[in-house]
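Okay, so chain A shows up in both of these, paired with chain B first and chain C after.
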Partner chain A sequence: MANVQIRDLRKSFGPVETIHGVSIDVPDGAFVALVGPSGCGKSTILRLIAGLEEISGGTVSIGGKVINEVEPKHRDIAMVFQNYALYPHMTVAENMGFSMRLLGHSKAERRAAVEKAAEVLGLTEYLDRYPKQLSGGQRQRVAMGRAIVRQPQVFLFDEPLSNLDAQLRVQMRAELKALHARLKVTTLYVTHDQIEAMTMADQIVVMKDGHVIQAGPPLEIYDSPADTFVARFVGSPAMNLLSAELADGGVHIAGRRWCDAPTDRRAVQLGVRPEHLVLDPEGVPLDVDNVDPTGSETMVLGRIAGQQVTLLLRQRVAVSPGDQLTVSADPAHLHLFDPDSGRRLIPGDG
Partner chain B sequence: MNRRRRTDLLIDLGLGIFGLLMLTPLIMLVANAFKTPEEMLSWPPTLIPRDPTLDNLTSVLNETPLLSWIGNSLAFALLSTLAIVATSGIAGYIVAKFPFRTINIVFALFLATAIVPFEVYMIPLYFQVKQLGLLNTVPGLLVGYLVMSFGIFLIRQNVLASIPDELIEAARIDGGGEMWIFWHIVLPLLRGPLAALAVLAFFQAWTAFAWPMIVATKRSAYTIEVGLALFQTGYTVDLGRLSAASACVLVPSVLAFVLLRRNFVQGVAATGMKE
Partner chain C sequence: MLRRRRWRFAVMALLPTFAIFAWVRLYPIVQTLNLSLHDWNLLSKNKPFVGLSNFIELFGDRLFLTALGNTAIIAFGVMLLTIPSAMVLAGLIHYRTRSRFAGFYETSVFIPHVVSLVPAAMAWKWIFDAKLGPLNALITRLGGEPQSWLFDPYLSVLCVIILCSWQALGYAVLIFLVGFRNLPTSVYEAARLDGASGIQSFRFLSVPLLKPITLYVSVVTLISGFNVYAQAFVLASDAQGAPGRLVRVLVLDMLENSFRNYRVGYAAAEAVILLVIVLVLTGAQFALLRERNGR
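Our next item is the complex of A and B:
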């Protein structure tokens, strides 16, 4: 096992630079998720680490050794692909033992390693089947088994769960997490699904347009997003962003003072998570447009002073479109952003 | 229900008659090989010889080097098939999975060769073969039958459709070298289309006529197609012996098709659509 250190990594395709100087630290044994909308460069970073693309600038080190020029097979990594990339003409056992065969291990050694991995993944009875005879979840497990058998220093996952249906995805998420807890192999996990990233990772790296926007533990990112992009991207339903007026040292929306204003600002954007808006007889009016009851909670879509907001209530409420509610929020749960740059403002420090 | 069954029956009947019509010339050919000259010209023609004779067959086998012609054709067709399968497999894979600009140009050139008919460069090629001293030899016949641009195209399309990049990348990470990957991952996955291509290549060489005719100047070096043509001169056609020789020639082609039929149909129809 080893740590992964990425320093000022750049990648250009022809004249177009798609990764603009990215630095990421993955401590030994950590599970780090790279998350971002499609096209943000997260998969490219994984491919650069794997050696499937050539690095245009910066360095990638594994275990303290720069591997920019090292061939993929000598980087001591294993990668799991979105479409599993199982060899269709080989059985499950052959697929899993393939890398050991290439390394020249004996048949008995291979069999032992494959059987051990198959046991961990519950694949023992499928070892003689071909990939096309397996379900999506089983194929995904075989792909992971192939990675485990190698005993690499680093696991790379490229959206491994996105081809599975919702229920299976939740199940595999838990299995992957348990697997990581058991093997403690340094893991980089690419996903566009922020929930996957939040639930599985020790550290999240949020990316956009080839830049790292914010990196940190999941809840830290959730609680203090660095800008409006992260605020909207992490968390579901997304954070409400409202343009607010500043007057008398306070932030005002719909005639209510929500919190103290930063001193030297003329305008701010106020962010509030849907679950932090609460029903309050003293609050501001909210015109209800739509109500989505899910049983355990109720999602209300509406407008405050003409601005779209989402409200997530932990209880059942008798409300229907066209009604009016009154809501407020605890100032401690509010986020302030610069309306131009979108950067986070610490309340009060301007 | 009843009506549908009747339509089905009619369709079956129609297809059956059509199938028989397609077979008739072949049956006639085989039948003619065992007929006497009188019976062959009699009207109405008979499907089963009234008075079967082996004269045609023995005379063909004794008076012409039919067996060595078949041998020449077999050697020519098999080697050509082998070469075409090898060159198409390698070139098709490279053109599909290593799309550098120069390789795209090379691929365009491959395709361009398909536009020029063989007859256009047949004569220059003949002079080259002559200079190389390869007239009347199987290597001489093979010149011009080692690469098939359609084969490269067929394999390229199959690679694009049925071998995802991730498969090759996974193998690279697993530690496979490029040759190893080609041999152990790509080739096994291309078995279907390569078999289809083999059948095509075999029949292309087996039925080649113009090129073997000019390259083979000695009777013993003829391929079977050229040899068969000898039975027809400008004025006469030796029907009995031509039929006997043709019937002999049918055997390997029918055999090859029967053996490879499944691959052939799959490879051409599905071109690599695998689940």
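Our next item is the complex of A and C:
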């Protein structure tokens, strides 16, 4: 096992720089998720660590050793690809034992290692099948098996669950989490699905346009987003962002004082998560546009003073489009952002 | 009603194409099959039916058996020489030379395929020439014994194989290049992380993954190998200078039987045998591909 340290990492494709000096620390044995929208550079970072792309600047160290110039096969890492990248002409056992075959291990050694990994992943009965004969979930497991057999210092996962259906994804998420708890191998996990990141990782790194925007434990990021991008990206449904007026030392929307205002500001953006808006007879009016009942909760889309908001209610309410509700929020659950830069104004305030 | 009209439209639309196909493709084949069962001297109105006697006679014909043997050796020789070298060359062009010269390499490998056959064969005749040829000059310089390449009955077969392979290589490389370009890159990346070197990736991934392409190119090369004629005609003259006699091939034998001996039915029987060989090879290719896809 080893920690991964990324310092001022840069990657250029021709004259275009796509990774702009990224620094990430992955402690030994930790599960860190890189999350961000498509094209933010998270997969590129993984490929740079794996050695599949050349590093343009900065360093990547594994276990304290800089590996910029080290051949991929000597970096002691295993990667699980989005499309699994299984060898189609090899059986499951051959796929999993390929790295050992290249290292010159005997057939018996290979078989023993493969069987052990197959047992962990519930693949024992599929060892003689070809990838084509397996379901998506089973293929995914084989890809993980191939990684496990190598007993690497670091696992890299590149959106491994994105090709699976929703139900299977939930199941595989739990399996991956259990696997990490069992093997305790340092893991970097790339996903664009923030729920996946929230539920699985010890640490989340939120990226945008080749920059790290915020890094920290999932709940910290959820409770104290560094800017409006993180605020909107992490959490589902996304946080409501409302333009507010400042008057008498308070933040006002629709004629109601929601919380105290920072003294040195003339304008702020108010952030409130959909589940933190509550029905309150003395609250501000909300014009209902749409109602999505999911059974366990009800999502209401509407407008407060003409601004779009989403409201997530844990109870069932008899409300339909065109109705009006009155809502408010606990000041402790409000977030304030600079309307120009999008930065958080009261750090640590949750 | 609508269905019937659609069906009628489909038939009408296909009919002209099918008619042309039947006229230029099917009719000659059927006519050849028919001729092979008859005796015909090219001029006579009478074509007496002789049953299978043409075929029976063929299998006792020393010249035909020599031609069949030579043709098979050339066809398989060309295949064995072309396929591995084409695969390696395509691999090198694809992986090693992602430079601005890649286009140049591709073109230079492909040019022999489009060059007119007879001048190319004449050039090779000069290369293989026992007295003036650069090949013997090179061998002598390296301290070897010069060979009479085009007069030795065995070496001349080898010369024909080399010429045919040189020509077939371009097409095979082109098809393999397409194959290489369609291989999934992520599989190679996974292999790199698994510790595979370039040569190991080629051996353990490219070769098995390109199997359908290899099969296709093998069969196409074999079939064109069985149709070898001009190469042997130009290269392999006998001691008296009669072209193509030293390495007698099937097509030459057919031509001689038709237009020199005026035994068209007999030559048609040879053509039928060539057709059967080609059909068996194609059938084998399809069977192997099916087996692979069924996996």
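Before moving on, here are some points about what is shown:
Quick note on the criterion: the second predicted complex is superposed on the first by the 346 of 350 C-alpha atoms of A that agree within 3 Å, B and C clash if a C-alpha of one lies under 4 Å from a C-alpha of the other, contacts with A are read in each partner's own complex, and residues count from 1 in each chain.
Simple rule for what comes next: a contact is a pair of C-beta atoms (placed from the backbone, for glycine too) under 8 Å apart; a residue touches a chain by one contact, two chains touch by 3 or more.
Remember, it's a predicted structure, so these values are computed and weren't measured experimentally.
In the three-chain model built by superposing on chain A, chain B clashes with chain C. Look at A:Y130: by the touch rule set out above, it reaches chain C but stays clear of chain B. Look at A:P88: by the touch rule set out above, it reaches both chain B and chain C. Contacts of A:K73 after superposition on the shared chain: both chain B and chain C are touched.
By the document's definition of touching, neither partner reaches A:T326: not chain B, not chain C. In the overlay built on the shared chain, the residue A:N290 is in contact with neither chain B nor chain C.
By the document's definition of touching, neither partner reaches A:S243: not chain B, not chain C.
Comparing which residues of chain A touch chain B with which touch chain C, the overlap comprises 50-52, 72-73, 77-79, 81, 83, 85, 87-89, 98-99, 102-103, 132, 146, 150. Of all residues in chain A, those touching chain C in their complex are 50-52, 72-73, 77-79, 81, 83, 85-89, 98-99, 102-103, 130, 132, 146, 150.
Only residues 50-52, 72-73, 75, 77-79, 81-83, 85, 87-89, 98-99, 102-103, 132, 146, 150 of chain A touch chain B when the two sit together in their complex.
On the side of chain C, the complex with chain A involves touching residues 184, 186-187, 189-196, 200, 204-205, 208-209, 211, 295.
Across the interface of their complex, chain A is touched by residues 164, 166-167, 169-176, 180, 185, 188-189, 274-275 of chain B.
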